[in-house]
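Multiple structures are listed underneath, in structure tokens.
Okay, so subunit A shows up in both of these, paired with subunit B first and subunit C after.
Now for the complex of A and B:
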């Protein structure tokens, strides 16, 4: 290979898909997945992530744009001529073939005669050596999933595409398979493109996550980056939970913006604000629930200076083991979520208690107030529209 | 009441055995009477045991000729109906085209229509076209009425097939031909086989439609019908028994093969 460094790159340029019925699943999209990375396409159902994956696989013809694998353009190559393999949702194992023949399928189609050694090695890698002569329906969900991975990986594709591969597994097995897949990816070093609607799954496994919404990539970045610095309310709400508070820009103080919310003031580092900040303009102030500390109103004097503060009343508290999740009614926002680690529990923090919420300004992020506060939350207008499509 | 309790516990088994007996009794009678040595021309009363008919199965004039014609027609009708029916079934399930709904219901018509009506209208059609009645007209008629059974059987199978399986095959370097031969066809095979077996059975023993459109050709059911007017040779029972045995053997061997295969794989 002359260019071993980028032969596993996936480059999508201006790629889009409009179906015959006029529905546009993917808006023109530019995306580069670097060789050897674990890349996740994350979004609710109907956001275009699976269509994007199918265009890379060749199972769907893009309406516009081009697909490159490394330096080779594959836009119009049929799937069986692309050095790409897919792990399908619900696995799509061939029911009439046993596990051995399922895994050997790709090798045999490429005219490789002696497949025994390779298939056995691959089955050992996914710990299914004993099951070689069973039919797919005789295996458990987790085993079938591993067969699907083995069947794809044995061909040494340049890119492995995974279409919600863990969707049918129960929670515990899913966790286990997430780590397993991550281990395999590190071991074989192949580019993985993983489609999922499970934000936790995407964050656990992927180096880079692209959050998709309504056929567009909303934001692209490392899991930490997306979580800490969401660009849009959709990303803020879809990845974990965010408290979004409407505020008005008051003044600028060095690198910080001072905002008015309700009666109080909040400080936001300018670098963490993706919205235009004109004095008098509106901004959405975002803060993650686990970054907020709760102090009973009686002890408000003990809170150090320089922290953002809001007052409120506990509306609800639910104990979930490692933490307690509070819902706080505040003058600036109806339902603020606060997660407090159960290290030292203050017995006074029960529903009805007056509290002060405070957090370090550095954890605050700012978003454009022109967007829907609810984008990306369950049952919001945005996701419903996609589900209907 | 120990007897009532005993009966209660075995009611399902007893009912099952009785039903089975009801289904198989005619075959037993046919088999028993194939060893009869009747007095006179009719084989309706048991006289004495004899192997005469089994020693000379073709001892009756024209009978084996008609049997051979019936078998040829059944084989060709099965091939024709299975190939056409499978293609129709795939088209109906896989493609969206105009009048698809109408064709879906029209396909059922030959199954629902009284055979006499079909027989008569086919005859009218053949006569108006000036076709020479005989082997070909019988074959055309048989393919026609077998088609709907094949379409129904194959369609059910294709509909339950996950389209992702074919995508997976294409993803794993199988071109269109390989995908069809290695994945689509093997998975649809049970439906196709069921359709083919049905076709063979339906074609082999069809009387009404055949009788209308046969001209001077005589198939085995027509021969049996004709001879029943003048006397029933024992050889008819021999052929009937032989057909039954072949069917039982085919069923048994396919069961044994699939059992053994499953055991090997497990």
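Now for the complex of A and C:
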């Protein structure tokens, strides 16, 4: 795209969805997905991500608000009038039509007579040229998935919507298809809106990720931004693992905040704290497990000055190849997770050993202490109950 | 991650230390099949053989019948009663078509739109089976009676003028006309159309409708290109379940028709029970069976349902 083009923008303004039974799946939501971007809606099941996607597709009527594609308002247009196509969860391929006719379906409905060349080219793009005359049930899961993508893409939609498209595939195939989809998106330059509950998938593929929880967007940003600077405990726990430690604001020291946690002090850059930092106020200190270094208590003197430190005892250690994952009980916080790369293994770091955890203050982030510590952890009461509500 | 390296303890040996015997189980399927096979032999195979032999017998009630391999009975029966054969096929086809036109929208409604009313409507469809077939057909005699409200309404709407012109009714009455017989057949066999249609429609994944809409198909196109083709197994089994019994039916023609609307079932019934010409009756039965079998085979081949999921 050389000329500035916004026809593939998706703008959601104040859209919400409340079902007849009174359940509000999506709270009023404002969102702009710029033309040509790969956008992921990430969240646990029941968080409203699929409903949001269905409102863009026209399969669900928003209760309030408006949907724009570029400059065109499509809020109440039926799906067959929207320049948008969807790759459905478990594909929804037409079982009575062969692969060729599945892919040609959209073209034929728009009255295009000579579809042969286009369909063949599209099947070649997804490497299924040989399978054109087979029925969907004769293909493997990965092949069906590619047919679903081809069937949608052949219509050159302004926006391609993907509803958990890789959910039914096994792990290895999923990784492969993630790269494949990313390649196709870069090649065709169409706006992709991708719904997934797999945080790794969202981070691998998307330029921008919106993390949704209980019908709201918790945070929106690039994958790195979300991972390094989560705004809420939900995001901190849902994207990867976070250690969250309750602490009290002590003093401010230039750009840094000094906090009291247990008996010790922790330093947190003020710019990385999303919570109010009044002296005496509570803050949750967050640190990712892989940012923490582990030193045996006997060598505590070797740790450079200026690093955040906590003492603790190794409760459990599991060797998983590239790294070793430790669970450490500290007086400040139980069950801190620490991932140590297996570069030089210290033989003394076994369960029961006293250790010092230390990390650079720059890697610390601060969150509002008024939230549930467990929000967003897998299977935690926080997310699942909301999902079921 | 804890690792488990110890193998589970070996399974404790069974009480008597012997392997469970397989011998007893080997014949179980055949024992279970036996009642069904006996049923088929006694009530299907034997009567068929008996009828087949009757159809090639000659003789009379007084002197007794003998198998003389007199195949000419078939030819005589066919040449004498071909109008009733044709009429049966025509009435059954008309009733099947009417059942399809009436039943499909209803089955569609139950499958996709009825929501919490689904079970109630299903019960209403099946409810007529709780009373006898004969009583329900007799009730139609009252409904279509010459001085009844139906005839009166059709008359004042000038519908009867049209059906008279088409030859479906005669005079100012509905009873004892082809229309009455076809209506009776349609009414009696409608549930046999609705149930298979409902079953195959209900199995269609709702996301296929969404996918079709998403791929620019308007609702009517979605029906034509996705819903209807996927419901073909139901259409085929529904039409067969309606057409086959309707073609052999004689109750509707007997109660609602006249001598001009006699179907082949009526002829067979008369031959068996009144004229007591058993060979002709048996030959007619076999001709009817062969004709239906041939038509059904062609129909199934043409509709290509074996290709559907």
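As a convention for this text, the second predicted complex is superposed on the first by the 383 of 389 C-alpha atoms of A that agree within 3 Å, B and C clash if a C-alpha of one lies under 4 Å from a C-alpha of the other, contacts with A are read in each partner's own complex, and residues count from 1 in each chain.
Keep in mind that, in the parts below, a contact is a pair of C-beta atoms (placed from the backbone, for glycine too) under 8 Å apart; a residue touches a chain by one contact, two chains touch by 3 or more.
Note that this is a predicted model, so its numbers are computed, not measured.
Novice: Using the superposition on subunit A, decide if subunit B and subunit C clash or fit.
Specialist: Partners clash after overlay.
Novice: Kindly classify A:95 by the partners it touches after superposition: subunit B alone (first), subunit C alone (second), both, or neither?
Specialist: both
Novice: Is A:138 in contact with subunit B, with subunit C, with both, or with neither (first, second, both, neither)?
Specialist: A:138: touches subunit B, not subunit C.
Novice: Considering only touches as defined above, state whether A:318 meets subunit B (first), subunit C (second), both or neither.
Specialist: Touch partner of A:318: subunit C, not subunit B.
Novice: Quick one: classify A:109 as touching subunit B (first), subunit C (second), both or neither.
Specialist: In the superposed model, A:109 contacts both subunit B and subunit C.
Novice: Is A:155 touching anything from subunit B or subunit C once the two structures are fitted on A? First, second, both or neither.
Specialist: both
Novice: For A:86 in the superposed arrangement: first (subunit B), second (subunit C), both or neither?
Specialist: In the superposition, A:86 contacts both subunit B and subunit C.
Novice: Can A:78 be said to touch subunit B (first), subunit C (second), both, or neither?
Specialist: both
Novice: For subunit A, give the residues common to its interface with subunit B and its interface with subunit C.
Specialist: 57-59, 78-80, 84-86, 88-90, 92-96, 105-106, 109-110, 151-152, 155
Novice: Across the complex, what residues on subunit B touch subunit A?
Specialist: Listed in rising order, the residues of subunit B that touch subunit A are 162, 164-165, 167-175, 178, 182-183, 186-187, 264-266.
Novice: Spell out the residues on subunit C that touch subunit A in their complex, using ranges where they run on.
Specialist: So the residues of subunit C touching subunit A come out as 1, 205, 207-208, 210-218, 221, 225-226, 229-230, 308-309.
Novice: Can you check the complex and tell me which residues of subunit A touch subunit C?
Specialist: Residue list for subunit A touching subunit C: 57-59, 78-80, 84-86, 88-90, 92-96, 105-106, 109-110, 137, 151-152, 155, 318-320.
Novice: Under the definition above, what is the set of subunit A residues touching subunit B in their complex?
Specialist: 57-59, 78-80, 84-86, 88-90, 92-96, 98, 105-106, 109-110, 133-135, 138, 151-152, 155
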